[in-house]
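Structures given as structure tokens follow.
Below are two complexes that have chain A in common, paired first with chain B and then with chain C.
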Partner chain A sequence: MSERTIRTNLISSVRKNGDALVASIIGEVDLGNSPVLRAALMDLIARHAPKKLILNLRHVQYMDSSAIAVLVEAVRKVGKPGQVALTDLQPRVKGLLEIARLDTIFQITGTEQEALEK
Partner chain B sequence: MPDPAIRVIDVTKLYDGRAVLDRICLDVLQGETLAILGGSGSGKSTMLRLMIGNIPYDGGDIVGLGRSLASMTESELADYRRSIGVLFQSGALFNSMTVADNVALPLREHTDLPEETIDIMVKIKLELVGLREHADKMPAQLSGGMKKRAGLARAIALDPKILFYDEPSAGLDPVTSAEIDQLIIDLNHKLGVTSVVVTHEMDSAFRIADRMVLLDRGKFIISGTPQQLKDSTDPLVRQFVYGLTEGPLTDRRRSGTYESDLLGDYI
Partner chain C sequence: MTAMSNPTNADSPRCIELKIDSYAENLAPTRRAVEAFALGCGFDETSQGEIGLCANEALANVLRHAYGGATGRPIAIRLEKMPDGIRIAIRDWGNRLNPMTLAPRDQDPLRPGGIGLICLRELMDEIAFHPQTDGMILTMIRRKQASRRRGRRNRDCG
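What follows is the complex of A and B.
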């Protein structure tokens, strides 16, 4: 199943894979548009109630801490740490997660497939 | 070479007709940490205040993030100030607010983010500076180093592109000073933040800086890598870099009007 959220261009694709929901985020996410991403992600989680949420960030060149905070909110919404996976991180986004010591809250993997298999 | 985040072009600043900065030129490159060095009265703090748009300059121009500060309207200048962060010497915390509320303040004032997002952002910023467990304390309950770290958490609240530090090591013990230096390095390397550090603490400057600029009595003396400053044969640069007791800086203090001040009309 594949669908495209109508709320924002920040989410380019969404598909289900078993109990997991896989979404790709694109663009730069900062203070200006993180509330839009928040609304879209919370809506996806509410509609699909996934056991695992996998967010592909390959096409996110920049993400500020408001965007990271939105991802933490997604973890709260999905239910428990490790059930939100972030894949294909760009170095700058990875740096922000590392420096903020958020690697225990998210499952961080190189690819979507790795996230699906874990 | 990366584009400059800030260009200082032939800038002069006058106080009472006297030039406290005299035709200064320097570039701050994106992603670098530039240390502006100088003793008391060198003009380095004035340079910082000019670059953050806090005071106007009298000659030349400063281009911050691609725009001339002098040509900005008040609202454009406010936008510019929102895209930079400043760690003031004292930390500049509001004493009537908790540490967490101090950090949340810029987010509440300048964004429409929901409180849930702000709450998480504040926790992230406080974790970055090692103060998350002190979120509910009042500034009066913090040590000098903790106040500085809280000030840094507030300075990075809006994820600035450029961070300015005014004497970040002043008044701190060596260990706390080294911790603050490491934070500056981490923010610079991992987040790609451009950093401008005004300091006279050479140990700290050599730890953190990619490039250094030395000012003396409002004039530009030298710019280069830390190694280039260490290798300089200029007596003034050597005295400042190595903290020598003999040299132009001390000679200047010794000369002058001391004798005539003491003896006045008796000689």
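What follows is the complex of A and C.
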């Protein structure tokens, strides 16, 4: 499956795996484009209602607080903490999550497979 | 984005002044310019990224709060090399709101707020808001020597 109603270059792929939805985000995300990411992610969640959302951030070199706010909103939409997994975090993104003390509301894993198995 | 530099030598200017308008699209190129300047100040890659993030967050706060989302308003950024670090001054002509005087947000991690200010407090050695008659100047200092006190000794000059 690879379909998106709201198209954005920030989401490079989407696939379903059982009850989980796996999406790969790509690029640098800041206040300039985080509203686009927000719209696309909320659209995906609304259309697929996944029990778990796995976001692969391998190709996200940079995120700012507006992007983190989008990820937190995804947690609220999907359900509760732990149902959104962030995988393959780059050091800068991981560092920001730690500074914001938000690394506990996401499931953070090294790979997509790890997130699928948890 | 326009830039004016005051170089002490061709490779490593002592200070740079950037002038941008309050469009979110200007954040990324400005952040990259700050990171490049930090490289010239001798910061390592991790520190450059942290300094760039702080500049990004400070500018985003200007866009969102000082200017309330209004576009096309001026922002001046001055980057200055210090003997032991970098000094960043961000001037806006907005509503003079000092974010450090705002009441802390609740601690619900699912409704986070003020992450930008947290970054500044955690990653900079000094931050200070200086109200002007027609806006605000935020100054931030980051030193090369890692400070264990970073994030706990920032002060409010407002």
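The criterion applied here is as follows: the second predicted complex is superposed on the first by the 113 of 118 C-alpha atoms of A that agree within 3 Å, B and C clash if a C-alpha of one lies under 4 Å from a C-alpha of the other, contacts with A are read in each partner's own complex, and residues count from 1 in each chain.
Here is the rule we go by: a residue touches a chain if its C-beta (ideal position, glycine included) is under 8 Å from a C-beta of that chain, and two chains touch if they have at least 3 such contacts.
Quantities reported herein were computed from a predicted structural model and do not represent experimental measurements.
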**Request:** Using the overlay on chain A, decide if chain B and chain C clash or can fit next to each other.
**Result:** clash
**Request:** Classify the contacts of A:L86 with the two partner chains as first (chain B alone), second (chain C alone), both, or neither.
**Result:** neither
**Request:** Once the structures are superposed on A, label A:D64 by its partner contacts, choosing first (chain B), second (chain C), both or neither.
**Result:** both
**Asked** Once the shared chain is lined up, is A:E28 touching chain B (first), chain C (second), both, or neither of them?
**Response** second
**Prompt:** Does chain B (first) or chain C (second) touch A:I11, or do both, or does neither?
**Reply:** neither
**Prompt:** In the superposed arrangement, does A:A40 touch chain B (first), chain C (second), both or neither?
**Reply:** neither
**Prompt:** Of the two partner chains, chain B (first) and chain C (second), which one does A:V72 touch, if any: first, second, both, or neither?
**Reply:** both
**Request:** Using the superposition on chain A described above, determine whether A:I105 touches chain B (first), chain C (second), both, or neither.
**Result:** second
**Shared chain A surface residues [contacts with chain B and with chain C]** = 30-31, 64-66, 68-69, 72, 92, 95-96, 99-102
**Asked** If you look only at chain A, which of its residues touch chain C in the complex?
**Response** 28, 30-32, 62, 64-66, 68-69, 72, 75-76, 81, 91-92, 95-96, 99-102, 104-105
**Item:** Complex contacts: residues of chain C adjacent to chain A
**Value:** 23-28, 31, 46, 49-50, 53, 56-57, 60, 63-64, 109-112, 115-116, 118-119, 122-123
**Request:** Sort out for me which residues of chain A touch chain B in the complex.
**Result:** 30-31, 34-35, 38, 64-66, 68-70, 72-73, 92, 95-96, 98-102
**Request:** Flag every residue of chain B that touches chain A in the complex, lowest number first.
**Result:** 111-114, 116-118, 120-121, 124-125, 127-128, 158-159, 186-187, 189-192
